[in-house]
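Both complexes below contain subunit A, partnered by subunit B and then by subunit C.
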Partner chain A sequence: MRIAWRGAELRLLLPIIVLVPLGFAVTHIALSGMFEPGPMELAIGYVAIIVGAHFLLVAFGHRGDQLLLPAVGAMGAVGIVMLNRLPQDLAGTSALGIELGMAATQLLWFAVGMVAMVAVAVGLRDDGILRHYKYSWAAIGILLLAATVVFGYEVNGARLWIDLGPVSVQPGEILKIVLVIFIAAYLAETRTLLTSARLRIGPISVPPLPYFLPMLALFGIVMLIVVRLNDLGTALLFFGTFLIMLFVATGRRSYVLIGLVLFAAGFYVAYQLFGHVQARVDVWLDPFADPLGAGFQPVRALYAFGRGGVFGEGLGQGLVTLGGNLTIPFVHTDFIFTAVAEELGLLGAFALLGFAAVLVFRGLRIAALARDDFSGLLAVGLTASLGLQTLIIIGGNTKLIPLTGITLPFVSYGGSSILASSIMVGLLLSISHRTAVGADVEPEA
Partner chain B sequence: MTGDILRILLLLLQLGFVALLYLLLMRFAGSLLKDLRSAEQAQIASRSGIGRLSVLESPEDEPPAGTTIALGPINSIGRNVNNTIYVEDDFVSTNHAMLTFRGRSWFIEDQGSTNGTYVNGHRIERPVALSFGDELTIGRVRMRLDR
Partner chain C sequence: MIATNVRRLGLYLMLAFAVVSASIAWWQVLEAPQLATRADNPEVIAARRSLLRGTIFDATGQVLATSQVIDGLSTRTYADPAFTHVIGYSSLRFGSTGIEAAFEDVLVGRTDPNPIRDIVNDVLNRQPEPRDLSLTIDRRLQDFAANELGGDAGAVVALDPISGQILAMVSVPSFDATPISGDPDVAQEPMDALRGNEAEPLLARARQGRYVPGSIMKVFTTAAALDAGVITPDTTFADQPEQETNGFVVDGFPIREHDLGGIAPSLWPLSEALQVSSNIYFAHVGLELGAERFLEYARQFGFCGPMQIGPLDRPLSVAPSYVTAAENGECSAFSGDVELATAAFGQGSVLATPVQMALLAATIAGDGVMPQPYVVRDVRAHTDDGTLSQTVLDEFGSGGTRVISTQAARATRTAMVDAVNGELGRLYAGQADVTLYGIGGQRSAGKTGTAQLGGEQAPHSWFIGFAPAQEGATPQIAVAVLVESGGSGSGRAAPIAGRVMAEYLRLSGG
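On to the complex of A and B.
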């Protein structure tokens, strides 16, 4: 096998090697008032994990995309610098007698995530296991959801967590991947049937129902349970991803239109039925109506954006505290983007968006170059999911759309999120690897 | 006094951090551009074809397993050497099947073969539209339609 050195990837990783320790140093100087670098273990650990992932890919002769890992590394770098700057007791683990702070826990999960990413990228030589067992994947997804409904416990009004001894996991994160695999496999198989339908009502062509039903049924169940678990962000994410994949597979605008109408209707019903939804929308429309109660989160976030301005307050110099507590709630998970915008300003926030854009751009490129329909649709679904998740939470932070509690991929604190996002990038890598290897086989004349 | 120096140094480091973020972003942009240019050229060079068949399994080794066959718009498959795609296998009929590209999709049609034509393991009764990635079985030969 030819050795692929992945030089472009290494070149892009070089700035990150300096970036993370620099961010840690700035934070330490600002917080302590002394000109010294401060503790560097976590910064070095992070750099080691990312560069280690690079060398693992080289060692296994991986020939996939070289921009995905640096993009992930850059987003994670901003994340770990922010998490290191926040008070370390916001979250953390104390398992097996070892106490770990928030940034250290995040680092641990990053290590797990990167190993999972490389394992998926290298281990998945053939997509048969994904494609042929699509109903098994769907069943696993349903089981995961059912487990959450039965064993789950509530955090902030949404029942998402399962307690597994030392760690709590969010099955919804894994469900996201399983669902994309199922939809991609199903659409790849029925694509031609879906597009060749000639059932028309006026200007709108209607999908042939029999081919559509299994997928709609599964999707209905998922939506129902997600709404029952009060996890609106995930519901929005699933639906958006599904519509994008459907549009890419069929090229039919009418399907998207039907989907949007369904979504609007569903949202209206949910608004009428659930107080949870109503409260979210009311706060979104006018957070200043109750600035100390329901509107506390968004009002604090908006002030933080204002304080940050274009250049930011500086690492370790922003984030107002009130009686020793940070005023932005969930600053390490849902509102991490707000923290970045306050301390690094519009400039830093834009850079973060830029890294996410690189990730999406490369994902779509992998999809366009994929050698078969299933791989292409899978890449589209994974990319759409990562991209939409970024947009939904940033839109929520900036009051563009109602706030829903989901994580910013690779930046927010949270093990399940990092692991799931890493596996998704691993799948994208494996698809692009197969494309690169396939292109080597010269076609016979 | 020392406080002022500290503040200036901190500001400089802070600026360095943001500058580094943008240096990274510029490098990303550079890589993306370079890649787009080379992809454009590669497309002109190679991607003029409408599809190809990868031979996955072929007991008689004609066509040899592991090779790829470039496809024209109309391809006849069979044991007769005059076919576009000549298959040497006892279970393949003289004129076995037609693989054609019409409009935007590939179609496969059985030509009344003895042992039938299979798409993803299902025997076809009439012309069937294929997706890229579908598996075609003709006699004991297994092939996959690729882009």
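On to the complex of A and C.
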């Protein structure tokens, strides 16, 4: 194996190496009022993990995209600085006799995530295992869901967690990946048929059902269960990802249109039938109608955006407390973007969104350059999933769309989310690597 | 290959990123100023915890409410529980009420009374400067009135009938607002105790309490009928003497006279009818006036809708008073002649606040012009040493509305002077005469009320009036006194009113 110096990647990591310890120091000064850098273990640990991932890729001769890791590293950097700034007792681990605060736990998961990312990026030399066992992947996904329904327990009304002794996991995060793999494999096989066969109802062409139904059926089951688990954010994410993959596979805008109409119809029915859906929509439309009751969460978030303004209040200098409690709800998970926007301002918020955009557009580039349909569709699915998740949760924070409880990839606190997102980036890296290697072996004339 | 479709997808996603970016900028830039000033903004709530509030003074510069900031926590101290239902409270746990709420932004200095300076402050982003307030009420009169009520639930409202300045506004029982306006962590217990108290100390009776007025309403009926030309001071009703004994049957319902205490019925004109408080006479007057005009005059006098104690851009609200059954905050139509005839002597469906009845008295005292009452006299620069600053930033005044003609008011006034001082009236309202309390050469005008509540409940004791009221004098104080279930108006309310009016005349050097 030949070492590939990834110079661009390393150069792009330099700001992270400098800024994360600086962020920790600024936070410490602001919170303690003492002019000293404060504890640096976590900052150095984070830098070591990201730089370590870089050198592992170098050591294994990885030739994939060099912008993904810096983008991930930058998002994670904002996340770890923010989580370190928040009260450490918001979350954490106490298992096997070890007590870890929130930021330390997050760091641990980041280490696991980066190892998984590198393992997938360099280990997956051949995508046959993904492509050929698509129904096995689908079965694993269904099993995971079934396990959640049976063994899962509720957090904040959504039944997403399975308790595995020392850790709790969210199977939905892993399901996200296997579902994308399945859909990519299925669409890669049938896309010619789906595109060429013409079945028209009036001006709209609809997918030829015999080829379409198996996937639709599986997808329907997944959606039903997800909705049953009361996880509307994940449902929206799955559905959006599916539509995007369908669009890229077939090039048919009408399919997307049909999907959106179906979604709107389903939503309307749910709105008519279920009180909690109505309540959620009403709160979304006018949270200020009841700012201390039903609208409490979105309103408190909007106030935080307002406080931040363009330049932000500065790390450790924002986040108003009332009676010792932070006023932004779920500030380490659903609303971490709001906290970033308050303390780092519109500029910080745009920067974070920009990092996500880099990840998304590099992902699309990997898809566009992929050497076969499966790799391309897989890259599209992974990218769409990461991108949509980012847009859905940020849009929920800003009241652009109703709020749903999903994480901001690499920023929100949560091991399952980091692990899944890391694996997804690892898959993107491996596709990109194969494209680069393939281009060497059989250069196109 | 799918590359083309991926590029198209890229465009859509770029659009999505742009829309989300715009939504962030919307709240962080465009909406930020509006968000910053909303009362439920946690930053505003948190800032209030540490913001110094201005001092509130009485009319003579006595401190009534003052703030101090200790360890970043702003706490409010109130000097006199007699003022609680005027000033309200400013609690970090329960929010603000009364003047504390109406003048919230002025007290903490978020708004400069001078709008131009407010803009300058915004531009310079100065720290808010607290402002002080001074009231129209002299603490001595307020305390005097509160002492007069003693342990009885009730209210005293006194105002200058010409200027509209509130001179006293007492609601009993009251409470000390200091414990709920300090550390928010220990405010719950005293508040719970107040909420659980059956005597309802949290109710601002003067403004928010609604009571059957009884015979004091006859002042309204008199004024309205005189103004409408329905009666003159000489008007008599031929059937009245006989009906005093046998009852006046309206729509099959017999209206009966109250116990006249041995006074023999005879054909009474207005003055005598008011002196003995003849229900029969005023039932006739009400029917002569008619339902339409009765309602019309009631609205003119402030009934049938919300009322405010100024200044009008920062008002204290007063509960609406009604002469018929309430309907969506308005007076419904009279259900028939029985309701009209009984309303004319203050029974039926009539419910009124003490403030409303004080304004009725003030309108007669003011020759038919109803003053707009107000209780905050001015806004001043804040001083740290608890003295009244000489720098007046904003002054409030009031206008008045003509409700009835000067002649009608004068004729009503004459009858009210008789009701206190006349041969028959003395037996009922004589105790309201200020001469009894050391004010020589002056006369009171007024009317007692003994509001029947039905059942075994003791009637409410009422008095409204003003002084000085003799020919040629300009009345300086108009009052309404209510004692809940205090018995007859003559026994309880009239002497309180007399003493309060006399005290005011003494204090003002009259």
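Throughout what follows, the second predicted complex is superposed on the first by the 439 of 445 C-alpha atoms of A that agree within 3 Å, B and C clash if a C-alpha of one lies under 4 Å from a C-alpha of the other, contacts with A are read in each partner's own complex, and residues count from 1 in each chain.
Basically, a residue touches a chain if its C-beta (ideal position, glycine included) is under 8 Å from a C-beta of that chain, and two chains touch if they have at least 3 such contacts.
Just so you know, these numbers come straight off a predicted model, no measurement behind them.
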Subunit A as common anchor, with subunit B and subunit C clashing or fitting: fit
After the two structures are overlaid on chain A, angle v-u-w for subunit B, subunit A, subunit C in degrees (C-alpha centres, nearest 10): 150
Which of subunit B and subunit C A:413 touches, first, second, both or neither: neither
Which superposed partner A:16 touches (first subunit B, second subunit C, both, neither): first
Touching partner for A:308 - first (subunit B), second (subunit C), both, neither: second
Partner chain(s) touched by A:395 [first = subunit B, second = subunit C, both, neither]: second
Subunit B versus subunit C as contact partner of A:26, first or second or both or neither: first
Partner chain(s) touched by A:242 [first = subunit B, second = subunit C, both, neither]: neither
Which superposed partner A:8 touches (first subunit B, second subunit C, both, neither): first
Touched partner set for A:341, first subunit B, second subunit C, both or neither: second
Partner chain in contact with A:189 - subunit B first, subunit C second, else both or neither: first
After fitting on chain A: smallest Cα gap, subunit B-subunit C, Å: 7
Subunit B and subunit C contact sites that coincide on subunit A, given as residue numbers: 191, 345, 361, 370, 373
Residue ranges of subunit A touching subunit B (in the complex, touch as defined): 8, 11-12, 15-16, 18-19, 22-23, 25-26, 29-30, 33, 35, 66-67, 70-71, 74, 78, 131, 188-189, 191-193, 196, 311-312, 314-315, 344-345, 347-348, 351, 354-355, 358, 361, 365, 370-375, 438-439, 441-445
Residue ranges of subunit A touching subunit C (in the complex, touch as defined): 191, 244, 247-251, 288, 291-292, 299-300, 302-303, 305-310, 320-323, 327, 341, 345-346, 349-350, 353, 357, 360-361, 364, 367-370, 373, 376-377, 380, 384, 387, 391, 394-395, 398-400
Residues of subunit C defined as touching subunit A within the complex: 1-10, 13-14, 16-17, 19-21, 23-29, 31-32, 34-36, 38, 40-43, 45-46, 184-185
Interface residues, subunit B side, partner subunit A - complex: 6, 9-11, 13-14, 16-18, 20-25, 27-28, 31-32, 35, 46, 49, 52, 54, 66-70, 105, 120, 129-133, 144, 146-147
